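Next come two complexes, and both contain chain A; in the first it sits with chain B, in the second with chain C.
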Partner chain A sequence: MSLLESAVRFTYLSLSIASVYILVAVGFSIAFGTLKFVNMAHGALYLFGAYIGLFVAFEYNVGGSLGAYSPVGLDLGFAAALILVPVVVFAIGLVMERLIANPFYERSLLDQLLVTFGILLILQEFVAILVGRGGFSYDRTGWATGTIPLPGIGTASRWRIYVIAFTIVLLAVLYAFYKYTDYGLAVRAGTEDAEMVQMLGIKISRPFALIFAIGAAYAGLGGILGGSLFTVHPEIGIEILIPALLVVVVGGVGSLTGTIVAGLLLGVTFTATTRVYPEMATASLFLLAIIILSIKPTGLFGKEEVTA
Partner chain B sequence: MSLLELEDVHSYYGHSHILRGVSMEVEEGEIVSLLGRNGAGKTTTLRSIAGAEPPEVRSGHIQFNGTDITDLETEDVIMSGIAIVPEERRLFSNLTVEENLELSRISQNTWNTIRRKIGLSDPSGKSLDELYELFPVLEERKEQQAGTLSGGEQQMLSIARTLRLPNVELLMLDEPSEGLAPQIVETVMNAIETIAAEGTTVLLIEQNVQAALELADRGYVLDMGSIVYEGTAEELRNEDDLDQYLTV
Partner chain C sequence: MSEETAQQLTDTDAAILSWETWDRVKHTERFAIVAAVVFVALWSWLFARAPITSELGGYHSLATTILIWSVFAIGFNLLLGQTGLLSFGHAMFWGGGGYAAALVSLHVYGDPVLMLVVGTTFTLLLAALTGVIALRLHAVYFAIITLAMGQLLYYLATSPLRPITGGRNGLTGIQLEPIFGLVYLGMPLPGIFGTLWVNYEYLLVATVFVLVIAFVNRIRKSPYGLIFRAIRENEQRVSFVGLNVWRYKFAAFLMSGGIVGLGGSLMTIESQFAGLGSLYWITSGEVVIMTVLGGVGTLFGPVLGAVIFLYFEGVVDGFPIVGRYWLLMLATVFTAIVWKYPDGLWGMLKLIASRIRSSVEDNP
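The block that comes next holds the complex of A and B.
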């Protein structure tokens, strides 16, 4: 493998991992920055995205209480899963906002943290009871496998390139939502001063619920993309929280730009350490976060500190 | 019947009893000033009317246009025809000037297009062009973040955005002259006078008694959460006793 080819390989590997981090972190950052709600149960949305995608796209023999009904799944194909997962997880997000987030908006950060973490554990066990603790991996179909030729360089993994492109499109859509829609405008204003938005006659709870659910749908998509790159098992919801949380604090809570930049930084760091010293891959993310936060405690693009 | 009527309103911040039976009226087309020292309960009165929490209104009634609005949510109070220029302006400093103005249009879209369609009311807030004509400086600064404006410009924007709201009948302003140079205060007061002349009723909360009474038809003086004096602007100007309630 030429130096150029391995440089290209390193680039798309880290960008595809960064894509998953960013998709998950975006919703967490929105909930934290705009709704002042720290939602550890956000990890469950990633978990649901991965599992729902799995059983929409394929059929599997499962363990757990559904084991008797194996094989389980709709077997609609991978493309169907990519379309269905965000819709379903968006709906789950709306329910989560109503039932879990809404009663806790006014509570302390610690209350929110403990309750949502508990909910994450409950949902994780619920998945384990249903389909068992065993791992699954996505059998991606034809269009999502193989390599694409890069003239003069070699080849690149087709699916990883798709993951990156897909994420770029999703982030552009989110940006356009913020920048060009009335709902986006209300959310941006509400991030600064929610009561004042109400004093302009706007029912802020609706745009807030919408943006929460969009963040959920993105985490669900992160689940299906992450699930297809890594493996799928009940603990992935907690596992993804570590990089996602670090991306949020390094980037600066509530900043879309910050989330993207931090996601890229952490994706590159993770891929690089995995190469030279795999045991330290996760630890290296913490190290990077410690360095950046000790220089800039509000994160790279954070405007002010979030107080409890 | 008055446009706005407060009847024995008692409001609390937690356990603190702030408004102790406030009763007042604002007639349609009037400019009424609510005066009083810092901490007298002026802002609490405004927030009670607006349905903002805190404070909590535990007893008494607030009527607007013949409807009881005491327990309405803030956004519903606004949609019933009350606009607010709050203390310290509370602009969205990260949004541009134009985005700040556009926010007031959103309520028009979601609620009032329906209202208009079934013929309930004609929710015609001012267009951006009309607002820029009224406040030319805002047009020059329309792409700028609101946080970068000078104090006077911010106050203009804070007033301008209320004019974009649909069918405002009552405009409540909380200390619009606060922190502004005397010359700018005059500009702001002139703007308020223009709005009033177009038929909007104004409730003006002020510590700047002189500026307020120059504009107002009538006034109330609030002290320790109760109305201690009411009268025409003329009477208030000539009442020497009032100094004890107004001097800081």
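The block that comes next holds the complex of A and C.
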């Protein structure tokens, strides 16, 4: 492999990992920064995304309680899953905002963190009981596999390139939503002073629910994209939550730019360490977070001191 | 002590079993210690061998393990309950103490007391090092940096430090020497003591448990502990009255880490093994669940939490049919408790007790 080819390979590997981190982290960061709600159950949305995608796209023989009805799944194909998953997880996000987040907006950060952690565990166990603790992997169809030839350099994994492109589009959409729509304006204003916005006659709870559900849909998409890059098992919700949390705090809570920069930073670090010292790949993320937070306790783009 | 004599004087004219006496006694420091002693004296017997209660499926080694985890939860609660700092990385003290104790017994000498001292000292150093960095952060940032530190230590123990820690295999072959050169911990106790406490090891664990309860209770009742709680309520105000907030937080972090390390070393003595699981962040999560389930900020709440958690994990897990749902059940109970009773099961019991009492007092 030429130097150029390995450089290209390194780039798309780290960018595709960063994409998954960012997609999951962005919703968490929005909920935390805008709604002041710490949602550990965000990991469950990733988990749902991965599993719903799996069973929409394919049919599988499962363990657990549904084992008797094997094979389970709609077998609609991977493209259908990519469209259906965000819609379904968006709806789940709306329900979650109403049922779980809403009663807890006024409670302490600690209560929020603990309750949603408990809910994450419940949902994870629920999935494990339904379909078993065994792992699955996506077998992607033709258009999402193989390689793209890069003239003069070599080849690149087609699916990883798609994942990166997809993420860039999604982030651009989110940014546009924030910057150019009335709903986005209401959310931004609500972040500054929710009470004032309400006094101006704007029903703030609706844009808040919307932005929460958008964050959820992104995590669901992260689930299907991450699920197709890594493996799918009931603990992935908790497992993805850790790098996502690191991305959020390293970037600075509530900052979209911060989340993206931190996601890229962590993605690059992860890929680099994987090449040099694979056993310490995950550890390098923690080390990076410790170093950055020791230098700047509010994260790279965090503005104010967050106190509880 | 003047408090004591006053108590004795009033005791003579008040009825021995009145609410007034109870109210006065239950808040004394000595009461908590006596309660702890009575508890550990009967605990193993009630849990594992008493005629009716042991039908629930408890066994002696689980009783010992529960006491050790209780020490862990009490130590954790000293930080969370008193100063309001949620650490998601306390496994580093639990596992760190465990590994330090294992290493000293493997390479130096296996006296249990030496292991406890070394384990605790090591975690105090670790807490000093990590505290300096972590305590600059607040709330969620603090939770995440402690998580990161714990996980970093876990991965360090997994791979680069494998020659010392034994990597994934952990440290086995720990030989315990007689305590102070007198008696082996595994020796059975004679007669009625054997029925109650089985062996010397339980005695050691029980002693540590009572000492930790006494220590934490002392902190809670002292003006020093009051400042911890003031920091929890409003950090800024505490700094406005001229107190050095950071110093108090650091002290709480050290004490908490030290107690957890003590528990971790006890665990190594009990299991004669130190493994990576003790450093993993799931362990930190478990202690959070125990403490919150039992009751944050209460003295005996974490003990109750540890009992319930380990009972589910160790006994309910083996039940037919419902066994595989143990974590689901536990998580549901946990969520419901945090949702409805932020003071935990202990707080819930207190509430029920006070309701019963007021209804009794209203209709004599």
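Note that the second predicted complex is superposed on the first by the 308 of 308 C-alpha atoms of A that agree within 3 Å, B and C clash if a C-alpha of one lies under 4 Å from a C-alpha of the other, contacts with A are read in each partner's own complex, and residues count from 1 in each chain.
We adopt the following convention: contacts are C-beta pairs under 8 Å (C-beta built on N, C-alpha and C of every residue); 3 or more make two chains touch, one makes a residue touch a chain.
Just so we're clear, the structure is a prediction, and the values are computed from it rather than from any experiment.
Student: Just checking: does A:A272 make contact with chain B only, chain C only, both, or neither of them? Give me first, second, both or neither.
Tutor: Neither partner.
Student: Counting touched residues of chain A, say whether chain B or chain C comes out ahead.
Tutor: C
Student: Between chain B and chain C, whom does A:I122 touch in the aligned arrangement: first, second, both, or neither?
Tutor: The answer is second: A:I122 touches chain C but not chain B.
Student: Is A:L150 touching the first partner chain B, the second partner chain C, both, or neither of them?
Tutor: Touch status of A:L150: no partner.
Student: For A:S294, decide between first (touching chain B), second (touching chain C), both and neither.
Tutor: After superposing on A, A:S294 lies in contact with chain C but is clear of chain B.
Student: With both complexes superposed on chain A, which partner does A:L130 reach: first (chain B), second (chain C), both or neither?
Tutor: In the superposed model, A:L130 contacts neither chain B nor chain C.
Student: Can A:M196 be said to touch chain B (first), chain C (second), both, or neither?
Tutor: first
Student: For A:L74, using the defined touch cut-off, is the partner it touches chain B, chain C, both, or neither? Pick first, second, both or neither.
Tutor: In the superposition, A:L74 contacts neither chain B nor chain C.
Student: Residues of chain A that sit at the chain B interface in one complex and at the chain C interface in the other, please.
Tutor: The overlap between the chain B and chain C interfaces on chain A is empty, containing no residue.
Student: Could you list, by residue number, the parts of chain A that touch chain B in their complex?
Tutor: 182, 185-186, 188-189, 192-193, 195-204, 303
Student: Hey, which residues of chain C end up touching chain A in the complex?
Tutor: Those in contact with chain A are residues 84, 86, 133, 136-141, 143-145, 147-149, 151-152, 154-156, 158-160, 235, 281, 285, 288-289, 292, 324-325, 327-328, 331-332, 334-335, 338-339, 342.
Student: Once bound in the complex, which stretches of chain A touch chain C?
Tutor: Those in contact with chain C are residues 32, 38, 107, 109-111, 113-115, 117-119, 121-122, 125-126, 129, 242, 245-246, 249, 253, 277, 279-280, 282-283, 286-287, 289-290, 293-294, 297-299, 305-308.
Student: Please name which positions on chain B make contact with chain A in the complex.
Tutor: Listed in rising order, the residues are 50, 52, 73-75, 78-79, 84, 86, 90, 92-95, 99-100, 102-107, 109-111, 161, 165-166.
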